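Here come two complexes built around chain A, the first alongside chain B, the second alongside chain C.
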Partner chain A sequence: MTYLKSRRFIGAAFTAITILSITRTITGNGDLTSTVTIAQALVFASPIALAGLAGIWAERAGVINIGLEGMMILGTFGAGWAGWQWGVWAGVLAGVAFGAIGGLLLAVAAVTFGVDQIIAGTAINLLALGLTKFLAILLFTDAPGGGQAQSPPIKGDIPTFTLESIVEPLTALHEKGIFFVSDLAGLVAGLFYHLSLLTIITFLLFVMTSYLLWKTAFGLRLRSAGENPWAADSLGVKVVQYKYAAVVFSGMLAGLGGAYLSIASTIYRNGNTAGRGFIGLATMIFGDWRPGGTAAGAIMFGYIDTLRLIDTGNQNVKGLILLGAIILFAIGGIMLRKAKRNSAIGFLVLGSVMIGAYFSATSFPPEVAQVAPYITTLLVLATASQNLRPPAADGVPYRKGDHH
Partner chain B sequence: MNLRRIGTSLLAPAIGLFISLAATAVILIVIGASVSTVFSSMWNYGTSPRAMSLMLNLATTYFLSALAVSIGFKMNLFNIGVNGQYVLGALAGAVVASNLTLPTIASLTITLLVAMVVGAAWAGIAAWLKVARGVSEVISTIMLNFIAIGIISYIIVRTSVGTETSLNVRGTKLIPESGMLRGVALLDPGTPIYGFFFISIVIGIAYWFLLNRTRFGFDLRATGKSATAARTSGVQSNRMIIVTMLLSGAVAGLVGLPYLLGETGTYSLQFPTDWGFTGIAIALLGRNNPLGIALGAILWAFLDISSGQLILEGVPREISTIMQGLIVIVVVISYEIVRRNQVKSEQTSVAKALTKQEAKV
Partner chain C sequence: MAQNVLAVELAGIWKRFPGVIANSDINLKVTAGTVHAIVGENGAGKSTLMKILYGMQKADEGTISINGSELIFSSPSDAIDAGIGMVHQHFMLADNFTVLENIVLGSEPKSGGKLDFAKARQQISDIAAENGLAVDPDILVSELGVGDRQRIEILKVLYRGAKILILDEPTAVLVPHEVDELFNTLRDLKKEGLTVIFISHKLDEVLSIADEITVIRQGTTVGSVNPHTQQVSARDLAEMMVGNELPTPQSVGDTIRDEVVLKVENLSVFAKGGKAIVDDISFQIRAGEILGIAGVEGNGQAEILDALMGIEAATGTVHFKTEDISKKSTRHRRELGIGFIPEDRQRQALLMEAPLWENRMLGHQTREPNSKGFLLNPRGAKADTKRIVKEYDVRTPSIDVLASALSGGNQQKLIVGREMSGDPKLLIAAHPTRGVDVGAQAAIWDHIRNARQAGLAVLLVSADLDELIGLSDTLKVLLRGKFVADADPATVTPQELGTAMTGAGKAA
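The block that comes next holds the complex of A and B.
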């Protein structure tokens, strides 16, 4: 990481913790930055992050992958089926392999036959849904512990790590409620509390992607297939092969995301993905087709989901409202400094509305948190889409020698 | 349209149907089921009067959904948001209709208008985001679908709009019989064909007329074929995007009504929420042509309904979903292959004609 980049990263992290800390102090809700919250947020974020990363691989090579949802579904099924019979690691492998089959199907339709990519992806989603429901009834109905819509439990566990020597003192520090310090302590402790090996693998896959796609000749060629395949072809890049590799790997990542979901809930269940493939796609756009931003988007989804689901005192959603308001004010302030008056006014008005809501209601229904990530994504797209830059030939069917 | 073009446009779906039937047969053999028993069971049950009535009713819903999608397709707009648009439209329609005590015609007119306006408004958000902020409608409509589901769950679970309609199911108050559109028992005395079946035929004709016989339709198709060419010839593309999305959303708003007004009379949390995706698939099969869409909708509904009794043969009914998925993917690929061959044969015939001319000179 260059000096400038790491300075920006530290700056962003510092701002994020400060905002979280302000919110936690005002609401007095320790859950917002507690060890357990952060640890759980990582579990919720990882499958989404993997789907987003899968999207990056396909779209950087110029293939829009709406079929992520279907590939994830295949992954959940593969993990449930193989994991039940041969253990959890077989489940991981089968999830990846099933996802790869979905990716291969998309590559055949979209790359070889040049079918509209969104259409091909939609077809794959349909096919995956039907196939898994069909196979679930056939394979799991009579299996002990299984049912028509779910597999028997997956055998074995993925190892998880807890660094007691870090987690215990930091969690104690978190409970003291000191501004900034305690929140930072909770955040850090959460990273080392019941940390799944699969989460570590997810993290490594992000690092690997950043390196492979942006620092190697392989990555340059792959991205050139998504920016200008005709120019790439004229320089001797085997565009079709790169597209195939990227889309199949995309399927593998989505399949791994699906396997993560099944393993986290210890069974395969119909509908377990619940649109996470699409959410992954959103985080990818949110993150400007780059790993860092995509991960940030996935963590946002995971964090909000966690707070909604562990909401014991019905106060977490309220905390989220205040958090959102403070973030909106902060962005509004930045916009003012950049002399973007109209956007600034928009953000400040929205922020004020949320502050008003925060102080006028005693609690909020969980549905608010349910839709919050989607509204956030829309807001980000609405304000930043002029700055987002998808690969230039994203979604354009490519045929060798067929320049247009 | 000449004979050859009709032939080639039928060729692709025929190939698709054949290949997916063959693939289904392979799957059935693999799981050890008898292919002929399964297919004949589907055919026998599927052609019974009761199943045919159910099929036409379901096809009505699918037809409207596919029509909504294809209005966008014609202009290269991908409205994945039909799901969100129709659930909100159906909920609004259910709320309004359940509070009306008017003659049927008046009540129906108001219900339809409300559903269309709500559907259009929800699609309008995506249109505005695209035109004013440059947000791709693919992603914004996906987000809007999720948001719509959240809104509906909030309204039904936590506001007084929702009541317990049957045991442990919350939904809107029942619509009085004067506000329903039950239909007529044409084929099977116990299973009326929805009144909406006939309304949707009218909508299909209106769609054809609008696209092929009006200035707006011409502009729309022109923009879809080449946005730059259309702009140069004076079409305001932003206005076209907004009008198209609103129209698509308005039709989408109707998708839930055949079922709501013909069957349930209440919008409950058990109301299906994924007919929009079915619409995308059927619009693809039907190539955005109302007649093609109607055929696609009937085929789709036939597979859904006729598989209903397969479990008696020990085969999960989801085999029909697999067939549907296979049909879509194979048909789409064969459309593309047929198109490429067409272009190639046109090119060769032009080249031949040119060399002949040169030889003469």
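The block that comes next holds the complex of A and C.
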């Protein structure tokens, strides 16, 4: 990590905490930055982050993985099926293995047979959805505690850790409500409160990916398959093998994400993924096909999900709307400085509308709550994606000896 | 120099593709420590032969011997192991990678499990210093121009310890002073004892650099000459390549008429950040006039052409005859009789996965013979494609093959044929003969000259300075989006023009 990079990271974190802090102060809603909220956000963020990481592996090797959702579904099923019978760690392994099968399927279709990658991925999504529904009826209907659409409870728990010595004083500090300081305290305490071993594994997988893909010869070759496979081939890189390895590992990561979901809700349930594979894909794009940015995007989604789900008295939704407005104003300001007048006006007007809504309404229908954060995300994505640098040969079918 | 040691010997090489024999009974002997040129027309089989030598394709028959021992190559790695390196015509570089990453890919220095960036940097700067190839290893390739990219390709090969270098049409994309630099590099490499195989159809260049020249015609080797001991001219070589005597392309007299066909005033094109790529230029072209624009690639040529065709947003006014077309659509402009030969034929001019006759319709889909009223007329298009194939000597088994099946030069002939169809009033052409061999080049020039005789106005952009000087009636030099000099094609030399293009001095 260079000096410049770490400075940018600290700057971004500082800005994010400041915006959160302002929102928390105006709304007077301590939940926005509380220990529990952050801890829960990590739980919601991890499966999305794993899906995003899975996307990075496949697409860095030049294979678009629209099938992430399907591979996650396979993972949720594997975890429920094996976890119910042989315990939670068997569930994790089965989730990874099932995901790997999904990945292998995509690799065979997209790499060996050169099938259009969007179509192959979509087929895997449909196949996984139908297959797991069918198998659930077949395997879980008569099982004790199971049903047509859900597995019996998974046996055992993943260990979680709480560092009392950090969490207690920081949580106390959070409750004092001091601008910035208390919010920072709540955020940090949340990282060490009921921290699941799976979340730690997720974090380590991100570190490992950064190292493997960007610091080793293996990573350079894998990425060359996504940038210019013909050049890689001309230098003796076995492109097909790297693509296979990347796509299968991508499936394993997505499967792990699915297993995480099932374990977090203690059972396999039809439709438990609820599009998280696609959200993972979006965070990968948001993160410019890099682990750091992808993790940040996943945490953002996890945070929004958390606020929506632990909402009491409709206050969090109001908070989110204000948060969205502040972000829009911030982007509008940046646009103004860059002399992009039209976009700036757009952002400022939208921000004003949201501010107006915040102050005029006492409560919001939950539908607004569900949509508002995503609209904000979409706008952030739209601005961020101006400078993205996707792998140059992402999605391009590769045949040995073709081209030039 | 070690004499009579054969670095490469190919004997009796045959390669057949469905419907085509690419190589038949090729015999080639390359002496170690020399620059050996291989010349031939487009589609003569040069590239196939080099792919066989580099292990990318397998010969059906014949043997390959390197330094006296017979080897079988089943992949480029085998060839690399035997000390052969290839600099491809289309650069094989990953744009989003740094120079260092591109060079070490596939043979990375490692320490532990990690890629040893420090060692790689050291090795690259050592090799670069030894051979006078200066590069910054940490810059992204996407930020580099063609000359630098080619140096990286050569470094890639040297980094792998190659003793035999294959360069596939290395000068096609270079401006004159870059060609001189390349040739100096090649002479240095030769001094280091390396063997260079140099593929080209630019015969003057071949004569200036090669120690031995082998000519390929219609897939087979027809002879070798040594320019040091034998008297050979470019013309002799060309006749060996083509197999008969060449027509002499001569410029014809003044054909310029009074009628102004294209009038451009204060044209500007801006990049995303607001920087002017084309900076407030004005010019006009009269009927029967060819206006040539000289300039190093990337100085705004592509943007001018795209702006004139209505593809790129621009400010300023463009008049076609008396009509203001500044705000008109590309289709409207084409229907007025503006033909367009773009810079990048695969990106802008052709659908690679469509048959030739469908490509014939592109851009002319609303006009005879491609359509009848509302409906397309495939029969008419097919008949006219056959005419183009015949008149422009497009080498193809049929008009139903995909455009991607043609060699680059033949694709270009098809495009030129298409754009010269339907009696255009104005032709906007970038590199009309790029990648085309001498025989076909002369034919394309003749087509353009004949049309000019009939009143065609031409805006010509070309990296081939002889072509610019030979064809143009008026020459302007473009540098950083502005015209910086005018030149008289009757008196200016390529060297003077090349100097003016880099901004070093004014042209005559």
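The criterion applied here is as follows: the second predicted complex is superposed on the first by the 396 of 404 C-alpha atoms of A that agree within 3 Å, B and C clash if a C-alpha of one lies under 4 Å from a C-alpha of the other, contacts with A are read in each partner's own complex, and residues count from 1 in each chain.
Everything below uses one rule, namely that a contact is a pair of C-beta atoms (placed from the backbone, for glycine too) under 8 Å apart; a residue touches a chain by one contact, two chains touch by 3 or more.
Just so you know, these numbers come straight off a predicted model, no measurement behind them.
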| item | value |
| --- | --- |
| First, second, both or neither for A:234, with chain B first and chain C second | second |
| Winner by number of chain A residues touched, once chain B and chain C are compared | B |
| Partner chain(s) touched by A:204 [first = chain B, second = chain C, both, neither] | neither |
| Touching partner for A:66 - first (chain B), second (chain C), both, neither | first |
| First, second, both or neither for A:118, with chain B first and chain C second | first |
| Contacts of A:224 with chain B and chain C, given as first, second, both or neither | second |
| Which superposed partner A:130 touches (first chain B, second chain C, both, neither) | first |
| Contact residues common to both interfaces of chain A (with chain B and with chain C) | none |
| Residues of chain C that touch chain A when the two form their complex | 54, 56-57, 75-77, 80, 86, 88-90, 92-97, 101-102, 104-108, 110, 113-115, 156, 160 |
| Chain C-touching residues of chain A, taken from the complex the two chains share | 215-217, 219-221, 223-224, 227-228, 230-237, 389, 391-392, 401, 404 |
| Chain B-touching residues of chain A, taken from the complex the two chains share | 66, 105, 109, 113-116, 118-120, 122-131, 133-134, 137-138, 275, 278, 281-282, 285, 365, 367-368, 370-371, 374-375, 377-378, 381-383, 385-386 |
| List of chain B residues in touch with chain A within their complex | 31, 78, 129, 133-136, 138-140, 142-144, 146-147, 150-151, 153-154, 157-158, 277, 280-281, 284, 316, 318-326, 328-329, 332-333, 336-337, 340 |
